[in-house]
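Read through the structures below before going on.
In what comes next, chain A is part of two complexes: it sits with chain B in the first one and with chain C in the second one.
Let's look at the complex of A and B:
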């Protein structure tokens, strides 16, 4: 192979730059976010672990069913708790603070969903 | 290789023939018979009334509205109340100039609402009446055909022409396609403020979303209110004046069908074949 003397140091510098955030923070991923849980509600619309990983797909499914197919707005959990299949007037009725719930994880994961460009977040109480 | 030109042409011809007929032959084998598949696909094409002049087949719900021009003439406040009710519930921004105006429901002069009618010797009282206009919720909507993302579509359940704002890319083909000017484009951010610091949406209704800049919007026949058993906002604002009658056009016993049977009504530019679901008592 030609130019080994340039390629190998070049690769080392490249890997070093790409992995900068990891070694700069010492392999520490930062404090794990703790979204505030609602006080009054006893259960969510689905299993907590499912909601953690798949809430975005669930919201999309609700949206497509209600907006396009005219699907039912109220639904019930396996335990029979009725809920409104809506972000603005469903989710946010229990999770009353966008800042303390949605934003904690979204900021940690550096994702910016555009839900709130149109949907109105509940008023933040201090 | 001593292939002659004649042999080459023979082989090429046979190959072309085989290539052309093979898909049909495979199709026939798969569907076990030459005509079965054709019958299944051909049936929906010949549906009665599709784009033609005869009445559309009366299947399913088709929401419509009757607008009594005289009632709006007697009480000139009524139209303003309807517009106020609709626009405040749906967070419709007021940009303060006609160029950027967003309107779901609005009033028009007679001659601009009914452009296909002759205005020659038309009586003057009719010219002064405010004509309440909103999306016609056409049975054959040109905006739906124009939309490249299917952001606007005809509801299977109610026949109303709806918008899925999540999908709108702001190309404005639907605005060009709509012959009634029922669609408005957000040139500015509806959540923004004017030069004096006044928000474009005076009172935000927290139960309904806003739109963003770059999205087309229009009347949705209050789909969100109908879903929870309420009447459309404009119909509710009119109360029991009978100025607006709302209901299912395909149900012969509905109040709207009775009103339509008893009165002479006209539609806006019906000759275009869009089959509007709004009817006007003049």
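Let's look at the complex of A and C:
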């Protein structure tokens, strides 16, 4: 073995970088998000799995349709329940708390959507 | 064939993953067992390879001298291209590792009327290579948001910078575009340039297709066929805290992505991709050109063989040298001793 004085520290740095998430978390997986479900509403605008994975694209599609194409505000679910295609007065009508609903998963998955750059979040009731 | 087989191999791997997630237990095999094996193979293989290289002595200074070496005081040394000190080598290595300096010198030969041969600078490979490597680095670092809970603060800055265009939701990452674009360039380059095509092998195309497969499945997941990110993060954080579990329906696209990443990790230490470690151990780059200031002794020299100077050599063979008419530094001491050369003198006529 030659030049171990340089190679061993280099390998230690390498292993340290590769194992970064292991020592950073320190074996603690943290809390799993539990978004608060609305009490009154029976169904969402689409099925739960779709909403879980694709809600952000649905919101974008609403925006594009309503703001740019002049689409209708009022829409109906597959079961015929009418709803308002709007973040503030649609989604947030049932999911009343941003903190207890939106933020739980967003914080866990470390995403920072820019919805609230323009929209006003509903007042949190303590 | 050299293009088609690696391509078909990647397609086959995708199909294996696609079938794998559907058989019972397949999800935990791809999602839990394989990632552990892959990271062990990657880290272990990487260390093994580097230690293997460390076992090879490099007794002689073989740096490529790309500039004026250290010489007389009034001749200016090129300290980066022909370094003779530790700091010169450190500077050269930093520029090599971070900016691919030797690729920057890439030239292209062309024949003009005359016929005249001309060499011109060719920077495309350097530019796209740099783009590819840095995009990949940013993407790998960005993925740490799925492995750390809570995410370290510096990743927020990286995410913000990468998604600064604010196109769509989820936001478009600039590096996603750059990575796929650069990979396509590197692939087309191998196909279109006849010389490069001639020397390209299956193991040149395979990593390109594999990384392209990883990039495309990643992009599909993020922008087109959405998967459950919270479920993915639970699995990823679970893996690094040694309590992995697969929750809910994540989506088969994720497992294809993960399967390809694991294959890349396993393939990595045993392929050309090891240039990640190899660049640091390139003797033509990491050695100081200091043979004239420092004596480097070959470690496999036989200790029984002692240095033999010219003066000692002449002492040993002086008589024979004088006999053969070879000039010597020191003349024979006593002419009376010439009798000792008797047998040689007798042999001389016989030769004639």
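In this section, the second predicted complex is superposed on the first by the 106 of 126 C-alpha atoms of A that agree within 3 Å, B and C clash if a C-alpha of one lies under 4 Å from a C-alpha of the other, contacts with A are read in each partner's own complex, and residues count from 1 in each chain.
Throughout what follows, a contact is a pair of C-beta atoms (placed from the backbone, for glycine too) under 8 Å apart; a residue touches a chain by one contact, two chains touch by 3 or more.
Not measured: the values here are computed from a predicted model.
Asker: Is A:67 touching the first partner chain B, the second partner chain C, both, or neither of them?
Answerer: After superposition on chain A, A:67 lies in contact with chain B alone.
Asker: Have a look at where A:14 lands relative to chain B and chain C in the superposition and call it first, second, both or neither.
Answerer: In the superposition, A:14 contacts chain C only.
Asker: Who touches more of chain A, chain B or chain C?
Answerer: Between chain B and chain C, the winner on chain A residue contacts is C.
Asker: Using the superposition on chain A described above, determine whether A:119 touches chain B (first), chain C (second), both, or neither.
Answerer: Only chain B is touched by A:119; chain C is not.
Asker: Quick one: is A:89 in contact with chain B, with chain C, with both, or with neither? Answer first, second, both or neither.
Answerer: A:89: touches chain B, not chain C.
Asker: Which residues of chain A touch chain C once you look at their complex with the stated criterion?
Answerer: The contact residues of chain A facing chain C are 1-4, 7, 10-11, 14-15, 18-22, 24-25, 27-30, 32-33, 49, 52-54, 56-57, 59-60, 105, 107-114.
Asker: Can you list the residues on chain B that touch chain A in the complex?
Answerer: It is residues 153, 155-158, 162, 164-166, 204, 206-212, 223, 227-228 of chain B that touch chain A.
Asker: Which chain C residues qualify as touching chain A in the complex?
Answerer: Per the stated touch rule, the residues are 39, 42-43, 46-47, 50-51, 54-58, 144-152, 155-156, 159-160, 166, 168-171, 226-230, 233-234, 237-238, 240-243, 249, 251, 277, 280-281, 299.
Asker: Can you list the chain A residues touching chain B in their complex?
Answerer: So the residues of chain A touching chain B come out as 63, 66-70, 73, 88-89, 117-120, 122.
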